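Heads up, there are several structures right after this.
Below, chain A partners chain B and then partners chain C, in two separate complexes.
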Partner chain A sequence: MTSIEGDGELAVVRIGADRLDAAVTPAFKSALDEQLPAETRQVILDASGVGFVDSTGLGAIVGLMKRLPEGGTLVVASAQQPLRRLLQVTGLDGLFQQFDNVEEARAALGR
Partner chain B sequence: MAASDISLRILVVEDDEIAAEFLALKLAQLGCTVETAADGEAGLARLSEGRFDVLVTDWMMPRMDGIELVRRARARVDHYLHVLLLTAPGEERTMETALEVGADDFLYKPITPVQLQIAVATARRVLGLQRRLEDRNRELAETYNQLKADVEAAADMQRSLIPRDGVTGALRHAAFLQPSIDMGGDSFGVAKVAGGTFFFAIDVSGHGVPAALNSFAMHQRLMELATGGAGLEAIAATVNRELFSQPNDSYLTALMGLVREGGSMELLRAGHPPPLLIGHGGSCGKLEDGGLPLGMFDNVGFKPVEIAFGAGDRLVCYSDGVMESGMDEMGFHDFCRASAGSTIDKFVATVQSELATRRRGHAPDDDISVLAIERVSGGD
Partner chain C sequence: MAADDRSTVIDADLEQIRSLASFVRDRAIAAGLSDEALADLELAVVEAANNIVLHGYAGDRGSIRATAGLTENEFMVELSDDAIALPDPVFGDDPLPALTAESGRGLAIIAACVDRVAYRREGGRNYLTLFKAR
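Showing the complex of A and B:
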């Protein structure tokens, strides 16, 4: 189940499922609708444990980035190989900086 | 229809003639249509001949007792049958056995008119619910069959867009497409256009009918733009803008190419897996240059690259679903390289067979498509 921890302008969004696909994505998007604080400008997407992401899931990740105000940042932490590969193939690795874990992402964002 | 209005057709199986007549009379007075049989075998024969709503059977009878009758009736009757067993109070082990073989309720001897009234009212309520359930299931089955027929018709339309294996312009091509369900978001096309031979492979986000509808529209749009003279860069920019303006999260990955006269090809990759180029001399490499998927972001550029593509060179385009078949990208490329010696149609058939084998009979989670193209000797 998706969990969101807000800390001022930073939010850590943990996907909390082993797949982000057509079955899981609606709940992921609903959680963002309901729980992502309005003041969020930076998001760390914690993808630990997510072994599969399909086109619907990828669309939701891009959708999360588009929710942020201009100048906002989305970074991905703990992505496993399938997600890393998908980001690389689609060229999105140029838009989402990736980190090995949430702590490294926090440090890079100065938090 | 109110439960009290339900007409019950009841079979009474009782070897005691007087008891059978009493039951038939009282049940008839409650508005039921009643037939009687004198033992289990006769009762089973009647159940096979006519449709009854309720079986009322004695337990102790010669030749076939009530328990055995209920067991056989349950195995034989394929519609809902409400079963009442006549027994004496305190026969708890018999009642347990009767429940196991399929009895619904019990009537305790001596039978009183009130017992029968309650039993008939209960049977009417259960039958009423059962009939409503059957009606609902019938409606659902009809709706499902209609939807399935519609989806199959739409899938046929989608398949009709896919080019048959053969030669178009400068290209010999072969392909296969396997949607994860009846229809999907993958598509491809080949067409002779003013500047050469155009081809594309696309994978629209999502699955099933919504993805297929979008894929159908995108297929038509790409063909329209290409045959209208637009270059790859303009086609990508137009589709990107049009998809981005749609009020949903749809996007597509695409690989497009324009094979020109001579020995070159213009190629544009937008988020699609990098294609594999297998040279006629056996060289092999993937083409990774490319940009973002179409429809995700506004105001992004898409630049084609120029590559050498001479006679006998082969390009293998595939959708991401290939990677869900138990083969990673490197393994897929190695397999393609090892199988490249055969003709293009045999090559695609071999790839299709290998992917199916690796899925071990499981339907794919994602749509799978593979399009292989090869420049024909002397083709333009």
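Showing the complex of A and C:
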């Protein structure tokens, strides 16, 4: 189950599925709708548990970025190789900064 | 249509694409595909299956048959279904959409992840074959 820990303007969104695919993405999006704090400006997407992402899941990640206010940031932490490859193939590796783990992402965001 | 050890059949249901992917992955591992080729192939197969369910059957009941195996130096996965015909050609220019698009990347991903694609329609049935070198 996706978990979202909000700390003021920073939220760590841990994807709770091992496969973020077309079947699972609606639940992921619902979790964001229900749990993402309204004041969120920065998101660390913790992908440590995700072994597979398809374009539907990727679309939800892009959608999450787009719901942040202007100047907001979404970064990806702990992406496994399949997600890294998908980001590369789609050119989104230039849009989402990636970190090896959540702690490094927090440090980079000054949190 | 009975499945055999080279084929599997799933309902045209997004929830079942995972099992289709698992079948292809097992066959590809047995054929000796590299980890990188395996990951690319799985992604392409899932994107193609998503398209069959979402755009081909578009809510209608149906099934998808996957046949997978090694042919000379290529690993092939054939997806067949009774849904509406694919556009001809299957792949046009298919550039990636804008970075901020939330959909529309499926065909471009398939094209980037496999070495070649073949499509035919025969007897009211689609046959989409993806080829990946080991």
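Here, the second predicted complex is superposed on the first by the 111 of 111 C-alpha atoms of A that agree within 3 Å, B and C clash if a C-alpha of one lies under 4 Å from a C-alpha of the other, contacts with A are read in each partner's own complex, and residues count from 1 in each chain.
Throughout what follows, contacts are C-beta pairs under 8 Å (C-beta built on N, C-alpha and C of every residue); 3 or more make two chains touch, one makes a residue touch a chain.
Model, not experiment: these values are computed from the prediction.
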Contacts of A:38 with chain B and chain C, given as first, second, both or neither: neither
Which superposed partner A:23 touches (first chain B, second chain C, both, neither): second
Between chain B and chain C, more extensive residue contact with chain A: C
Set intersection of chain A contacts, chain C complex versus chain B complex: 21-22, 52, 54-56, 58-60, 62-63, 85-86, 89-92
Chain B to chain A touching residues, read off their complex: 185, 203-207, 249-251, 253, 271-274, 290-293, 296, 320, 323, 329, 365-366
Of all residues in chain A, those that touch chain C in their complex: 19, 21-23, 52, 54-56, 58-60, 62-63, 65-66, 81-82, 85-86, 89-92, 95
Partner chain A, residues of chain C touching it in the complex: 14-15, 17-18, 21, 35-36, 39-40, 42-43, 46-47, 50, 53-54, 96, 99-103, 105-106, 108-109, 112-113
Residues on chain A engaged by chain B in the complex (per definition of touch): 21-22, 52, 54-56, 58-60, 62-63, 85-86, 89-92
